[in-house]
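Common to both upcoming complexes is subunit A, partnered first by subunit B, then by subunit C.
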Partner chain A sequence: MADWQDPHKLSEGEFLDQVHSFEFWFEAVEGYLHDRPYGFDPNAVDEEMDDRRKDGLITTLCNYCIGETAALEASSGMIGFAPDRASQIFLSTQVVDEGRHLEVLIRRLQMLGVKDPEAEIDARANKSLLRFKERLLELVDSQDWEAAVFAQNVILESLEYTVFRNHVQTGDKITSQILQGIVTDERRHMGFGENDLGRRLRVAPHMHDRLDKIKRELDGLVLATFKQTLGELGIEGPKAPDLAHDYLNAVARLGFES
Partner chain B sequence: MNDTLINDTSDELAPRQMYVLEETGFNEVPRKFRRFYRKWGGPSDPLAPNEVVCPVCKIVIRSLQELRVGDKVYCMPCMSRLIVEEENGLLVARVNY
Partner chain C sequence: MTNFLSGYSIQKWLESCPQGYLMDTIYGHEAGHTEPDAMMENETLREGQIRTTCNLVLGERAALAASSGLVNCAPDYLSKTFLATQTLDEARHVEVFTQRLYDLGVSPADLESTLNEFGNPNLVKFAEVLLEKVDKKDFIAGVVGQNIVLEGMAFSVFEMLHAGAKVDNEKFAHILSGTIADERRHVGFGENRIGSLIKQHPEKIPEIEKMQAEMTGHMLATFHSAFAASDGANQEAKKQGDGDGEALYHGVDLAEASTEEMEAVLSDTVLHEFKTRLGRIGLEYQSPAA
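Right, the complex of A and B next:
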């Protein structure tokens, strides 16, 4: 018997059952995390950083922690009003991912000499990102599935995916390895969001205007935060990536104009 | 990639080219599905006739057979269902929600 299976031969139902399952998640993360305690190769040697670079990195990681906390609290809350079992099970894997992200980022802050990560995160928090988190959790509290998926899995996850991917290319070795594992997880989260909403908009196009309003309210908050993040990392000017590019492509595929 | 081509024909009406997929080092899905995906190196990384890039997550999706317009493929890393289309003479994937 072959040790592989052709995924393209699966029916749509089989495919969705497969990718939303905890079993799929478990075998996927085993591939890229099993030999990386706290998200990085334990033999990797930390780079020397001057004070300015280290301070910028600490601020950046503190704000990544806020984004991950928002996603952790939101995704765990969404399990209670998810529309079906498969979505509940997928969200339970996302909760585990977000909890891990928070843990490895806090661990990295400690490695950089931060004695009290909680206090440091509070002190360095970006106001726009805090506002985004507050609004996301309000949408979750109101049990508005489409709005919560849109805010979390499309807006937040798409922008984190782009920022982390760029940071992987320019960061120090250990931070880059940690972020690479997070980026791989984010693929599932943003893909889940785009595909779930895409299916819903196809059968209920009247939802479009309501979600467009949420988009206009919230995406500027996250974009502003991550533009600032790139500045803290010293990625500015012509070398700076077009942060909005992947995000705008995603919302354009869902039928939203910029 | 250096996957083995089982039969070779350029005639559109002829049977499709078939491939034996090699492991690509891709490790972000369960082991049994890994050879069907690979990382994309960007526009300078050419695609084989059995490959197409996922527009959502930019992973290369690979098939056991040469891809043609109308084929359906799945991107497991981001859970997208895709349909193969032609754009400016190249095969591209569009999300099929």
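Right, the complex of A and C next:
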């Protein structure tokens, strides 16, 4: 019988079963969601924003919703062809994380005065991000596990992680709190992707070239999305964070250099 | 629609489920609770529980595949986020029932072969009818098949198992009470969301009713063969019964009932529920024999 209290005593299979379980997920999220309905402290007071800043934030949040919808549809679609039960259960926790992200972002849009979030999201969509979503869902529809994990849990999650982490530092209090919770989830999702692909690349290194081709195709869309997001948030010029550098570093950890 | 769907938000789900009735549980039950010794030491009874639990795992795997597949074709964000919670509910059910198989002595290495050995082929056919609709991204038929037919069946089966377990297996009864609470939410979503969509797409009705009849036929065949296979375990349970408590389910004492009586009360209950729930969404129940 395995000792579930001490992860160092577990075999690799037992360890993966444990970290991909509902129990593990719930313990992970409970800490930072407790007493934060819709992702923020209910006692937090919203900042005054001028119209230009508010409009930029609404556009940015609309595009975050597109990214989260892509992640929700991709992760749910991947459950059907996941290679094992533990991966299916992990992806199910990711599905609810992505659904929660979408819900809290839509709620934030409503707080900012958006009456019909679905219509607003469609109207303010970034074309590069829409193309990214379309390409990601094509990879999921083709049931190509490695390509889908790479595009979803490495590329998309790295993109969101990079943008949200930077926005947390510059955003208003409520948006920053919401994004902080999302970033914590994204880190877990990236960990799954890196772990799964890392193990697969060790036994099938030839897969690297195929994934590298996908990365090069998607990089252009990711970098265009960064540029537009910074513009919407009014963060431009020499003081703007180097999101492209941060993103490329995150992906390089798996051995995918630019 | 928006107001009703806001009752099925992820925030509500977090508060009522993981932060509510699942709080302080481990694999759906209280820490320290175990399967009863009397059952674990009797090979016929233990095998009967393994057989039942295998079919729960297979049913939940179908529900997981269906609910995750429906996220992508849901027509609005609120339906997508509700289905996200349902996906994780179903994955949790797969996890807790799989864990129960391990607790009953099935080794992880033998999981799939045990499921193949004890899995009911009629249940597999039942799932195939549903998953064909999901694969075609048919949201309305998929939600009727999943949230009305499959979940309606699961709800009644869990209630019956719960009535039996609460007499002599606190651990299993606790697991089932959590899954029953989940299924109630899923059935509620199906009834509330689909009624309006069926009104908008009346041309879908014949195809959906045909699916319901097919699924019902496979469900009744599943019940028939499952109860026949469990006859030995039921006889053994009666021999061991100490008469301490009644296991009442819709007026039938399961501790005293014959296998045929149990099958009849479950079938009647599920079919009655189907008729009521289908009527609420504007569909007429179709008998599989028709």
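Simple rule for what comes next: the second predicted complex is superposed on the first by the 241 of 258 C-alpha atoms of A that agree within 3 Å, B and C clash if a C-alpha of one lies under 4 Å from a C-alpha of the other, contacts with A are read in each partner's own complex, and residues count from 1 in each chain.
Operating definition for what follows: a residue touches a chain if its C-beta (ideal position, glycine included) is under 8 Å from a C-beta of that chain, and two chains touch if they have at least 3 such contacts.
Predicted, not measured: the structure shown is a model, and the values here were computed from it.
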Note to self: By the touch definition at the top of the document, which applies to A:Tyr32: first (subunit B), second (subunit C), both, or neither?
What the structure shows: first
Next item on the list: Identify the partner contact of A:Gly80: answer first if only subunit B is touched, second if only subunit C is, both if each is, neither if none is.
Entry: second
Next item on the list: Please work out whether A:Glu194 is in contact with subunit B alone, subunit C alone, both, or neither, and reply first, second, both or neither.
Entry: first
Check: Looking at the overlay, what does A:Phe22 touch: subunit B (first), subunit C (second), both, or neither?
Finding: second
Check: A:Val95 contacts which: subunit B (first), subunit C (second), both, neither?
Finding: second
Margin query: One more residue to check, A:Ala240. First (subunit B), second (subunit C), both or neither?
Written below: neither
Notebook entry, point to check: A:Leu248 contacts which: subunit B (first), subunit C (second), both, neither?
Noted result: neither
Next item on the list: Please identify the positions on subunit A that touch both subunit B and subunit C, taking each partner from its own complex.
Entry: 23
Next item on the list: Name, in rising order, each residue of subunit B that touches subunit A in their complex.
Entry: 21, 27-36, 55-57, 59, 63-64, 72-81, 95, 97
Margin query: Looking at the complex, which residues from subunit A come into contact with subunit B?
Written below: 3-8, 10, 12, 15-16, 18-20, 23-24, 27-28, 31-32, 184, 187-188, 190-192, 194-195, 198-199, 201-202, 249-250, 253
Check: Which residues, counting only subunit C, touch subunit A once they are in their complex?
Finding: 9-11, 13-15, 18-19, 22, 26-27, 64-65, 68-69, 71-72, 76-77, 80-81, 83-85, 87-88, 90-92, 94-95, 98, 108
Check: Can you list the residues on subunit A that touch subunit C in the complex?
Finding: 13, 17, 21-23, 26, 29-30, 33-34, 37-38, 65, 69, 72-73, 76-77, 79-80, 85, 88-89, 91-93, 95-96, 98-100, 102-103, 106, 117-118, 137
